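Here it is, the structure, as structure tokens.
By letter and in written order, the chains are A, B, C and D; residue numbering begins at 1 in each of them.
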Amino acid sequence: MPSDACAALTPEIIERARGIRLLVSDCDGVLTDGGVYYSAAGEVSKRFHIRDGMGVERLRKHAGIDTAVVSGEVSPALKKRAEKLSISECHLGIEDKAAVLQAIAARRGLPLTALAYIGDDVNDLEAMALAGLSACPGDAFVDVREKAHIVCAAHGGHGAFREFAEILIAAGTPRPA
Amino acid sequence: MPSDACAALTPEIIERARGIRLLVSDCDGVLTDGGVYYSAAGEVSKRFHIRDGMGVERLRKHAGIDTAVVSGEVSPALKKRAEKLSISECHLGIEDKAAVLQAIAARRGLPLTALAYIGDDVNDLEAMALAGLSACPGDAFVDVREKAHIVCAAHGGHGAFREFAEILIAAGTPRPA
Amino acid sequence: MPSDACAALTPEIIERARGIRLLVSDCDGVLTDGGVYYSAAGEVSKRFHIRDGMGVERLRKHAGIDTAVVSGEVSPALKKRAEKLSISECHLGIEDKAAVLQAIAARRGLPLTALAYIGDDVNDLEAMALAGLSACPGDAFVDVREKAHIVCAAHGGHGAFREFAEILIAAGTPRPA
Amino acid sequence: MPSDACAALTPEIIERARGIRLLVSDCDGVLTDGGVYYSAAGEVSKRFHIRDGMGVERLRKHAGIDTAVVSGEVSPALKKRAEKLSISECHLGIEDKAAVLQAIAARRGLPLTALAYIGDDVNDLEAMALAGLSACPGDAFVDVREKAHIVCAAHGGHGAFREFAEILIAAGTPRPA
């Protein structure tokens, strides 16, 4: 498998990964390193990672898995990044992420077991508990690291999303017996 | 307790934490990683951390603890970040931080033992000595690390403030005997 | 030799390095740390490293080796950085990097063994396989680290390009028997 | 002594430090982490560290040591940062840093042994060799680390300048026998 972390995957987690059709991702601390850049004009920018963008593309192409973003913040930077990556579902300013997860699943006619979720803080815990498979960056808040099915080796904004994406891709790829 | 560092907390420090009603924080090197971004126009931006923002919110909601910011710099970026987090006390351009700490306590009718302080450099030492409980990021200046009650595992701008906030929240939470 | 990594170089790799006349570099994750900064206006900036710029200059001056850049992205920031470093070949928005490598070699009348390539992700693998010598930053995607002739100790945007440049310079310098 | 690195200082280095009246610093890779941020408009910003600014102030106040900056680049960001820190000597676009060092010493009527120099790359080596005391960040280019009197534990843009400044301050402070 093409990910550093895959060695630690149990058969149960691989089984869960096989059922995933949509990956829902938090933004700050997952697609970014948690940094928010402020100037005299307020929040001006966030730093995303190029290899996570490649992960969105590879999920779509090699595993037929869509990506959605759900963020507690209303960030124009995230909106632009999602557009660049052709992410169609970009939910901003969300207080109840679990409710959004359920609404997405219902609208797409998917069971919650077909949704994966990656988050980094306490306001992600409910959505993580609902999802068929949950992950967090290696530097997520401690409570989140304790609850996630998969704790990525990579940190937020430094490839954690990509690491999770590759696990999903690898789980769906037929392997030699 | 929900913080990595809590294992190292002594009963005395937990006792001090229980009395805290206001957390006063330095900005540069605590809420940021110490980085100041300059362009041809001078200082343009600073990088804050999203999970520290969540710390301000959780302190207010789960522990009834307010946050104040005291900085030696006059930073428009900090002013905007403080507004975003609904921090009402934002003292900029302060040479004598200890005096501001005393003024805040007097105005609020709080003893100094009800104020916690987190700072990272020598100009924070006097305020730290006055406060009921003091902390610093794990990468603070060496003299500060020697004097702080708590040296966070997290670095400035990478969750040190949040780590301290969670210690204060946990200290105020009744636990099973 | 002036590089931390040179101790690990085999005679075969040094032999390959001696034949290099052009160094072709990917941008994101190699010349940068993979970070892409977004604002409300979309992608606004990328972070390059000053010592990599010195590498471009030293390759030209001390080894007669030109540098070319090939990127999958169309980045105005990269264009400006390439201009600053007097890099004449800057290929942007390239889907098939291997084809560009072949075209560059043909136009310059060089065999592919005279081209070195440094990249960090799966879309660099074909170009790496064609080049006479391939390298990647120490934090490249795992598949790339497995395929590169040289895995730099330095990470992308933190001197990986410079480390590879110094290996090329050192390989061409006559040494005492 | 208030610096992590001071334990490693030999009596000879402390003796050299005692004679210093002016600290000359390179910019990129020393006052910054080597990062140069580019946008469609070219180089837009650099990241400095707040605690290095405190170092400039403390050198002046506690040791009577001035700071000068000498850079190979012509950076408006550095010019602004130097103004903010009241650094009067800011030499930009310098190819021959050693010559500037000699000119500064001559103009100020100081012997070269009264000048300290901190740099990070090969174009700093000559100036370092001239100066009475030389230092480099912990992540400086390998040749520089081999030649410097002091290799700071801190990296460029993350307190290396401050670490060197504190060594100079401590060396000039009378200590108990």
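Everything below uses one rule, namely that a residue touches a chain if its C-beta (ideal position, glycine included) is under 8 Å from a C-beta of that chain, and two chains touch if they have at least 3 such contacts.
Owing to the predicted nature of the structure, the values given are computational and were not obtained by experimental measurement.
Asks: Quick check for the class: compute each chain's Cα centroid; which one is farthest from the centroid of chain B?
Replies: C
Asks: Chain B and chain D share one sequence, so how far apart are they rotationally when you fit their Cα atoms? Give it in degrees, rounded to a multiple of 5.
Replies: 90
Asks: Specify, for the interface formed by the sequence copies chain A and chain B, whether it is same or different in terms of residue numbers shared by both sides, with half as the dividing line.
Replies: different
Asks: What is the distance in Å between the mean C-alpha positions of chain A and chain B?
Replies: Centres of chain A and chain B (C-alpha means) sit 30 Å apart.
Asks: Could you give the separation in Å between the centres of chain A and chain D, each centre being the mean of its C-alpha atoms?
Replies: That pair's centroid distance is 43 Å.
Asks: Check each residue of chain A and list the ones that touch at least two other chains.
Replies: 37, 44-45
Asks: Make each chain a node and each touching pair an edge, then name the shape: line, ring, star, complete, other.
Replies: The chain contacts form a single closed ring, each chain touching exactly two others.
Asks: According to the definition of touch, which chains form touching pairs?
Replies: A-B, A-C, B-D, C-D
Asks: Given the complex with chain D, which residues does chain C contribute to the contact?
Replies: Against chain D, the touching part of chain C is residues 2-4, 37, 44-51, 53-54, 58, 76-81, 83-84, 157-159, 162.
Asks: Touching chain A in the complex: which residues of chain C?
Replies: Against chain A, the touching part of chain C is residues 28-29, 32, 34-45, 73, 120-123, 139, 141-143.
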